[in-house]
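In order of appearance the chains are A, B and C, and numbering begins at 1 in each one.
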Amino acid sequence: MMDAISPVLEVEDLCVSYGKVEALHHANIKVGAGQIVTVIGPNGAGKTTMLSAVMGLLPRSQGRIRFNGTDVGDAEVGVMVGYGVTLVPESRALFAEMSVEDNLLLGAFNRYRAGNRDQEQTKDEVFGIFPRLKERRNQYAGTLSGGERQMLALARALMAKPKVLMLDEPSLGLAPLIVREIFRVISSLKDTGVGILLVEQNARAALQVADYAYVLETGEIALEGLSKRLIDDPKVVESYLGLGGKQ
Amino acid sequence: MQQRYLLVAFIALLLIAPQLASEFHVTLLNYIGLYSIVAVGLVLLTGVGGLMSFGQAAFVGLGGYATAYLSTATELPGWAAFLGGSPWMGLLVGILLTAGVALLLGLLTLRLSGHYLPLGTIAWSISLYFLFGNLEFLGGHTGISGIPALTLFGLQMKDGRNFFYLIWAVVMVVVWLTLNLLDSREGRAIRALKGGVVMAEAMGVDTARSKVVIFLIAALFGCISGWLYAHLQRFVNPTPFSLYMSIEYLFMAVLGGAGHVWGALVGAGVITILKQWLQDWLPKLFGASGNFEMIVFGFLLVFVLQRARDGIWPILTRLIPQRASIRTVVAAEPLPTKALPDAGQVLLEANNVVKRFGGLVANNNMNLMVRAGEIMALIGPNGAGKSTMFNCVSGVDRATEGKVLFRGREVTSLDSREIAKLGMSRTFQHVRLLATMSVLENAAIGAHLRGSKAVLSSMLHLERAEEKRLLAEAARQVERVGLKDSMFEAAGSLALGQQRTLEIARALCADPCLLLLDEPAAGLRYLEKQALAELLRKLRGEGMGILLVEHDMDFVMGLADRVVVMEFGEKIAEGLPEEVQRNPAVIEAYLGGVE
Amino acid sequence: MDLQIALLLGQDGITNGAIYALLSLALVLVFAVTRVIFIPQGEFVAFGALTLASFQAGKTPGTLWLLIGAGVAVALIDLSVALRAGHVRRIPRIVAWNLVYPAAAAALIFLVKPNEMPLLAQIVLSLALVVPLGPLTYRLAYQPLAEASVLVLLIVSVAVHLALVGLGLLFFGAEGSRTPAFSDGSIVIGSLTVTGQTLWVLGASLMLIVVLAVFFERTIYGKALRATAMNRTGARLMGISTVMAGKLSFLLASLIGAFSGILIAPITTIYYDTGFLIGLKGFVGAIVGALSSYPLAAAGALLVGLLESYSSFWASAFKEVIVFTLIIPVLVWLSLTTRHVEEEE
């Protein structure tokens, strides 16, 4: 199924260790252009570790990452950003004492450095997606509400015009109404052709927007398949709630 | 055992050295000894404690000038006349002065983040240097001469060979005291200062006090070195006590191996000899006079920090074949335990706890109660505010509003150290172990509050009986959680699940009546989880209260008596495990949904 | 002390204070971006002043040799890294900045006669030699340790400071230098005569502060530096590399340092090791700003300048003691207002 589209991001046999402790074992993941792929799983399963390793924030102890078919080697963050891979981390990592506008401008830093000067236009496009941010354009990022912060983090990532957008727990700590808004935006991004790798604990929301899903458990991919199939799979429910067999 | 032979050989070498070496080399060795004393203090302060001082030479100066002034003073006022004339009075006054200054500086800077101590000591160092140079009664820049020679056991120490034995005896005593201190209850607390402050505080360690203690000890070592220096040289002026000398001391400690006491001697030796050699050669090379060795030292140190951050000593010890030693824990009388409260008695009560971080509300009106002899589980999705709640009740963080009562006493605004004293002990979600210390020693930090012997008896090793009991207790708890086979391994080499288990052993060492466990089962295998559940049931049976934050629902459901579910910082459900599991709001919170 | 003297001392204090303020801004900047406590800041002051003095004396300043040496060292390291990683495209850039630029500077100095050039050209030439030493120092000493603790970085700073002071002695000798004033004129306001150099120092400092403010507030690179200081991971995720931010902040610090040195060279005799004390006074200012607030740091630095000036009148032998004990009340205040057990990295 996945092979039908040629993947923009391929993660092959990826392992990550913290000292002697291995946190991710032989993960294989593919993301196609214009596709939403989700990695779900309980807390501590290694989801964030995986994204950090793909992004080059953490050293990869084994495995290969291909971007548009090219092996990226041991490329670290800066190089990955250059390729067009962007990560919105769980912490959002906003620049708290800078205005919304400056945060957005810095989202385009790498493109600016590469000689592109279309920041104003990109900003208008992004404001079109998040009108609320336009209202708050001069406000410090640190004064925004939780939902607005997540929107800003997402908007800032879009300023980089990514080919692959990785989102770590975008729904974390947000009220249901805002989660819905964020997920609406995520699913609308598909049409722009960006490949999205979505890591979520909020499994249902993630499965509803995603095309394909992987279930990560204690550092290993336990299950994968089309989202619409996994959404009713009792094994997914089990891995979250332990509603199944009790010892 | 091999190390003991090396030590004997080293002492033998020291004993015969003055008989074989030339006058020049004895003098050189004397200086190495004097510098070693200061460097050992810096190893304790910087290498072990992670604090940094640029004021060591100034402390040496205090020691030197105190004795220089008092032992030569002719015009002391009547009330102070008894202080004059004797080097021993000079030593005493020097020590008191140093202790006073170090205490003041320490209290001022050590509560602040790490870089204020070095900056504060730079300022202090420069101030004192200019004071020495400008105070008339201290001889200004010319200094004080005519300092009397020391007389020890009737022997007047006028030449370098005699003095050699005194200096090196002091070096060996200083090393012995420092090694003893590090190998003790207080020493474990000191070793926790670098990277383990939050954990140590939660185990009842007063880390601010530990910091002041090592700063004081390092300053006093400096003072003693200065006293010896004054009576060896029989002359003092401000130059050897300048900031540059402080920097050189720091280099000695870092180069030798900042975390290793013996490394201080190596560092002092290498820097002193190198300096001597460079001062001979560089001016000839450059055709000008000046302290060009600075250039070499600067480059050398940057190189060492980039390539071998732990200095020379660890490289040296790698050359010596280490025989695997069998380490055992000596059996000792168990420590007294506190009687646990009766089952059913309320231990912990949180009333309307609110915690805000800036504009974000992490906990909103949270209520919680834990009784003795029950396991209460706090569950909820990621980011629900469970760990924040945990930090608020254990004093690691402070609630913005609301009240926390522990055993009927209000503890809302107490530090975690104070709460630990009342019988609450906890583990951390992000494991907080001291990676290079052994499993046993890590556990023993938990027993900190059950010992009482302080720094002085630790330095003299007069606390061995208590220490044996503390270690025996730590061993017992390590065994109890199933880590007996890794007792002497470095904690950092354990698998993550085992590290979490070790956190439990450490918490149990405190003899708590309430145990707070933050995700203890994460990363454990099935059988290990079973064993952990068994242990927790047993503790509950003994009457301990347990508050558990957990994600593994399976684990919680089979174990907990009551469950509280959190979402968005608020309680959304409370009750028996089965009830909670069927609650639609809980299922919604865990699986989420967009519609 | 009569009013005349008081005003004179105040003028002195403000002049020096302005310099300390510049330095304290650089220190806060470097610390915020790289976590480096930049002890060698003072050496750039001395190098700036002494390089200018060398040009005026018709000598070739030793900083030229340092620039060439550091350039060659960085080129060797970076070239071997680039070749091993197969980044052939980076080679021209490495060669241009680290080898061609110093060589061109050397050629220029030997071709023209700097001592016959106008003052402005001499200043530009001095800055061209000294300022690149900032990023080169970052590359050689700090970059390999960028992830180390504040403590380790501080020890590196001390080591770099020692090496640079030693090199300063080697290049410029133990003799001090003083350069002629930028202008001989003076303005008389009431009973106070304000010298031209004072106006130069104040004007130039103010201008530099404005330029820096514009850089940080209006340019994307300035914002990138601020972003790195606020959230390192966030900045890296935007493609703002730690190395670039480090080199840029060191470039600004060395520029501020060297420029300050050139400004005060006509007022004070500068020796190879004078920079250290001047830099430390900037530090006292920075500490007043708790190493994080630019305006407070600048205000603190001005206070240091005034305190120094007035205490040199009352108790000149103890002026350093008085200046450095100023940090005690500041530390007391900080320790009373900070309540937080900090976990060190």
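As a working rule, a contact is a pair of C-beta atoms (placed from the backbone, for glycine too) under 8 Å apart; a residue touches a chain by one contact, two chains touch by 3 or more.
Here the structure is a predicted model, which means the values were calculated and not measured.
Chains B-C form the pair with the most C-beta pairs in contact. Comparing per-chain C-alpha centres with the mean over every protein C-alpha atom, the closest match is chain B.
Once the centre of each chain is set as its mean CA position, chain B and chain C turn out to be 35 Å apart. Rounded to a whole number, the gap between the C-alpha centres of chain A and chain B is 41 angstrom.
Residue positions of chain A in touch with at least two other chains are not found. Counting partner chains per residue, chain B shows two or more touched chains at no residue at all. Per the touch definition, chain B reaches chain A in the complex via residues 358-360, 381-384, 435, 492-493, 495-496, 519, 522-523, 530, 551-555, 557-558, 568, 581, 587, 590-595. The part of chain A that touches chain B in the complex is made up of residues 18-21, 23, 42-44, 142-143, 145-146, 169, 171-173, 175-176, 179-180, 183, 200-206, 208-209, 218, 237, 240-243, 246-247.
Contact residues on chain B toward chain C in their complex (touch as defined above): 46, 50, 52, 54, 107-109, 111-116, 118-120, 122-124, 126-127, 130-131, 134, 194-195, 197-198, 201, 207, 244, 247, 250-251, 254, 286, 288, 290-302, 305-306, 309. The part of chain C that touches chain B in the complex is made up of residues 37, 140-141, 144-145, 148-152, 154-156, 158-167, 169-170, 173-174, 277, 280, 283-284, 287, 291, 317-318, 320-321, 324-325, 327-328, 331-332, 334-335, 338, 341-345. Interface of chain C with chain A (complex): residues 220, 223-224, 226-227, 230-231, 233-241.
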